[in-house]
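Heads up, there are several structures right after this.
Shared chain: subunit A. Partners: subunit B in the first complex, subunit C in the second.
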Partner chain A sequence: MATETRIDSPKRSRFEIRDNIWKWIFLLPAVAIIVILLAIPVLWTLYAAFTDLHLYRIGIDTKFVGLANFEKLLSNRSFWRTARNTVVFMLGVVPTQLFIGLTIALALNNITRGQKLFRTWFLMPLMVSPVVVSFIVGRMLFQEDIGPINEILRDLGFQGIPWLTSPTWAMVALMVIDVWQWSSFMILMLLAALQGVPPDLHEAARVDGANQLQAFWSITVPLIMPITMTALLIRIIDAFKVVDIIMVLTGGGPGQATESVTLAIYRTGVKGGDLAFGSSQAYFLLLVLMIFGGAYLVLTRRAMGKD
Partner chain B sequence: MESNLSRRQFLRLVGGAAGVAALAACAPQTAPQAGGETAMSQEKIVIRYAGLDGMGARVEQFMLPWVEENGYELERGAFGQQELTDKIMQSVATDTYLADIFQFPSNARADVISAGALQQIPDLVLEAIDFDDVLPGIVNTLSWEGNVYALPYDGDIHYSSFRKDLFADEDINSRFKDTYGYDLSPENGAETWEQWRNICEFFTGWDWNGNGEEDDFGAACMTKRGDTLWWGFNSRATAYAKHPEDPAYFIDLDSGEARVNNPGFVRALTEWTEEMQNWTPPGGTNFTYGDSLNAMNGGRVVQTYNWDAVTSATAPETSIIQGKQGYNILPGSHEVWNSKTGEWDYFEAPSHAPFHAFGGWVIAVSSQVDDLAYDAVWGFVTHLTKPESGLKFVTDLTGASPYRFSQMEAVDEFANGPLQLGEEVATDYLNAARETLDHANAVTDQAFGGWVQYRDALELGVSQALANELSPQDALDEVAAAFNEVSERMGGLQRQAELYARTLGM
Partner chain C sequence: MGLSAQKRLRSIVSYSILILWSFVLLFPMYWVVITSFKNAIDMSIKATYLPFVDFQPGLHAWRYLFVDRLTWFLDPFMNSVVIAFISSTIALAIGSSAGYALARFDYGGRNNSIVLGFMSQRMFPGALFILAFLVMFRELGLLDTRAALIIVYSSGAIPFIVWVMRDFFEGLPVEIEESAMIDGANRLGVLFRIAMPLAAPGLVAVFVLSLIGAWNEYLVALTLTFREAITIPLFMTMQVSQTGYTEWWNMSAISLISVIPVVAAGMALEKYITSGLTFGALKG
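For the complex of A and B:
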């Protein structure tokens, strides 16, 4: 062994050095871009969160204020209202999308003809921009005065629904739009998971006398769980960050009833120019998502018996 | 602990580093010239203009012949309304170049001018555009500490508009008089907010527009947060909260404390909430500026107040009320809150306080104009804002409103020009505009530093009251606290009071 090493090492060493250099040369542009586009803004935002940096306060120097922005955040009623709205929105849309997604995916998985057509069909809402969906589905259908939904309700003898002027209904309208658009994502993800379940496991279960429900709980659910959990995590994070449909449909109103944390951050930092407080809000959201995401992954892995 | 870098220095440093990296990647290679020198550019002088998409397109269309005749080129940046304000504020804050000429909201003048972002208008230009012809209310929006930094383009104000034809209907009037004890006025509309409320109530819930449905209402206003709620509410509040003997409205000139939760504002919000919840079409507590115009022009409501009620009512494809509207200054009030004495004062004749809502878009020249383009840029703005050009803009469907004495006399151009208002409507409109701009108790829009933040705070509170999330008093108490917090952040209550006094021309 020692002799072999001594003979081969010079050649391999030269090759490895050259390979390492080229690897780093090729990686450098990507690393530089990531540093410029990601690390600098992230670090800069962190810096801003500890100052009183304000875009429109011209002629006054920026001061380091320690944790003052975070203290203000914790006692800010308006911010907690947006946090509550965001959680309500997430709890309203994600379970509904999971239910619809699973139901339709199971149905599609069992049909033998037209599966591709339906799969394409259900892909379509995902291809539309959320802004367009909010405008067409939201502002036109939910228009309170002359919108088609209220027109139909009135023709049937009911009162029109105050879709955008009642705090409760405005949140419902947003949830309907989000569910309409993103249930497709759940359908596609869960259908892919279901198609990965080997049919012979179900046949074996049937031979062993299991009924369909038992087979579903004991075979299908455990096998689709990893993809389901991933899809849920993606949707939960998306729901926490929701801003586009709210901005177009309700603008956060009526009052503050539908304002999300992300919209509040945008209003504070970008529109209002209060980069310091906006940055502290953004970091708070990031922290919450990281804690939630980490806990979610640990718990789900534990539940699936991987740890 | 103070940072060594100022905010602007830091922003510039970060922006500069990113910019250098991006430019280094994108810059084309320059061919070296003989003797090692780079060839002098023989390109045409380019004038760069940043403005609203729609208004800017009109400016481009109007100015292109002049630009071509003089051998220049024009590059136009087109932005949405809020986007343009954000872009300008960001370029001012970071001291970066946006354009040679830009259209900007006059509310932002404290932020933009005091940052040194604009060039003072030379006397030669002021003479060339006959600046003495501009109404004093507009001159104030172009000036800072006695110097002129911007040129007029648009005389934005809120005025009242109402269905003159219905108010003149004898049957309707007699029923109204039976209920409220006085006649509807087809000449003036509602002269006080009390009358406005009576009219709102009377015209709600019966088929006065003859469409076979009882879907008719009294009024529609701009009530949506993030849209134009700031102006919708302030126009409703000025008559109660602006005392003729006190120049201040938004904050106290002595202490800098917010006034927005005083009984004048609270009364306005209490009444407005009732009006918007009961006497407007469905969704009326969340109407955009466009929604309120559509309700008026579609014949669903009998009164509104707006910037563009006149021009929008002329378009046959969107309006069924051409020639049926009357115009006046905003309604007044017999009772006005006196912030100095802390009491309501009674006025025999209604006290009016018309609101110079927004104050209009103005045209300004950046302090970063290249020396080569200097003459071209000043030539451009002079041609754009001289009296003949201004008249063309305000008498066409451009969205610009009159702002010169001479324009107020141009009844024929408004009546028979592209707007086709007809003589009666044109006269009503110009009288309302002139009376608003010339009024001794008119309220200048908020223009001291940080107006976007004050606006967001007020819109949040008012929209919460409109949605019944908070009582009017609680909502405005929160707004007042937010106003004071913004003032502190922007340099302190006293500093903001001083800036406010300057925006009032004091």
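For the complex of A and C:
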């Protein structure tokens, strides 16, 4: 009996019957917590999106309004502005992080002495609170009159940049902060990918007459592609959800120039109390993420299958 | 150019790039450190870069925090400590035993789907939760309490822990556990005396990562707390909105106090943290 179970699934134990209770005791708490704190909010928010629920009128005369919130959403220019800001932010930070991540990971993969030291130091930004980075560091460094960045620019003969008062530059400042903080994630992922490439494959290509660039392009790139694609997806989703650095550096301003979708949801639902409209915005964001994530996975799988 | 010359050139270029990026990462941190030793005057006329050269460093910000106004930031600091530790401990206990169960038991062949169900949480934007949490915790009378944040943060960390730990446990040899059970140990004993110690590196990594997550979280804390249970990040931003004027040297000192413990822990456990961070993606 025992040998049979082991042939079927060598990792599983043969004490199936005695374990029948433990099996559930170990798993159920986690399931229960996730169901309560994931499923209920998700379903409640879906419900709220189809009503006229307001924070200060909960339980009083709540009406179903059908798709009214979503109609309001689609015709709401201010919401589209925040959607546009979010996409611009994502398009600004993710490719930059990929570029920096790949450059640094290649450099790290190239050296032997001190590699661990650099790797440890590059972990630092991921540990620092986004609030500290954005609020303390960002506001001090990007200060327009006496901040060090503008001082250095002026010393070099340029003009100071209106970091937080110009709509464009405020967005750039936020991107700089995100790139500072999250490039490390790309670095660590891509380094792990590069270290999975067998060095002799590369050598073999070189012996066969390929130059450095050809060997990189034909051997390394295809091999690191799967991890790169996953890392990109994670960063894209996170960039779509951006909120805290915006809240503390610009508050969404000047005007609405840097307000993200998540910040808009916070403003509408928590600050303004309009739970219904906020919920419909949250579902819009979820829908975009799901469509985008799904399409991304299908397309990358297909592209890599063809290679 | 010979092959060795080419190699040397490549390593010179590599080190230059790495040192350059290290400085980019260092500069903001350096700025916070020197600012915590600055006086108002050092920040009002022009930027000052070097202590003793273009400004005279002083300990007044640190004295202000630790002597004059200790209680002022001690409350939020203790909130952060308590919330982060309790929520991570709960998440670790619940998440790792579920991870163990999913590695060792068969749930009608649906183990992978269960794990994916846990991970689907990663996809959901935080914005989808804050409105429901606000109403939920208001109805429960838990707004502005540590309990609210502990509940949210532990539930937030569980899926990640289940995911990482399941794989970790799967990588451990099952034979040791079996022989212990032949000797009469029960599952609970096996989990705590054998599996958990063997999985210690993984447990440390997920614990520290969820600790850092709770320590740095902002959006939920902003939604659910406002006075008694505020955490350090919230406390710092509140200092400005109230006055419109910021004592940057004090804020810098507080930032350092809040950043140093987690950065030190993360960097000391670099190997485990990196594997925890990159884990999921490397599998996929």
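As a convention for this text, the second predicted complex is superposed on the first by the 271 of 307 C-alpha atoms of A that agree within 3 Å, B and C clash if a C-alpha of one lies under 4 Å from a C-alpha of the other, contacts with A are read in each partner's own complex, and residues count from 1 in each chain.
Keep in mind that, in the parts below, contacts are C-beta pairs under 8 Å (C-beta built on N, C-alpha and C of every residue); 3 or more make two chains touch, one makes a residue touch a chain.
These numbers were taken from a predicted model, which means no experiment stands behind them.
Contact with both subunit B and subunit C is seen for A:Trp44 once the two complexes are overlaid on the shared chain.
With both structures placed on the common chain, the touch criterion links A:Phe64 to subunit B but leaves subunit C unconnected. Using the contact criterion defined above for the overlaid structures, shared-chain residue A:His54 touches subunit B, although it does not reach subunit C. Here subunit B and subunit C are compared by how many residues of subunit A each touches, and C touches more. Contact with subunit B, but none with subunit C, is seen for A:Arg267 once the two complexes are overlaid on the shared chain. In the superposition on chain A, A:Phe240 contacts subunit C only, with no contact to subunit B. Subunit A uses residues 36, 40, 44, 55, 58, 270 to touch subunit B in one structure and subunit C in the other. Interface residues of subunit A facing subunit B in the complex, by the touch rule stated above, are 32, 36, 40, 44, 51-64, 78, 143-145, 150, 160, 162, 164-167, 250-257, 267, 270-274.
On subunit A, the positions that touch subunit C within their shared complex are 9-16, 18-19, 22-23, 25-27, 29-31, 33-34, 36-38, 40-42, 44-45, 48, 55, 58, 100, 103-104, 106-108, 110-111, 114, 116, 118-133, 135-137, 139-141, 146-148, 151, 180, 184-185, 188-189, 192-193, 226-227, 230-231, 234, 237, 240-241, 243-244, 247-248, 261-262, 265-266, 269-270, 275, 278-279, 281-283, 285-286, 289-290, 293.
The touching residues of subunit C, counted against subunit A in their complex, run 10-11, 13-15, 17-18, 21-22, 24-25, 27-29, 31-32, 35, 43-47, 49, 94-95, 97-98, 100-107, 114, 117-118, 121-136, 151-152, 154-155, 158-159, 162, 170, 174, 177-178, 181, 186-188, 191, 212, 215-216, 218-219, 222-223, 232-233, 236-237, 240, 246, 248, 251-252, 255, 258-259, 262-263, 265-267, 270, 273-274, 277-278, 280-282, 284. Across the interface of their complex, subunit A is touched by residues 1-3, 5-8, 10-11, 14, 17-18, 21, 82, 86, 89-90, 92-93, 111, 114-115, 224-227, 281-286, 300, 449-450, 452-453, 456, 460, 463-467, 469-470, 489-491 of subunit B.
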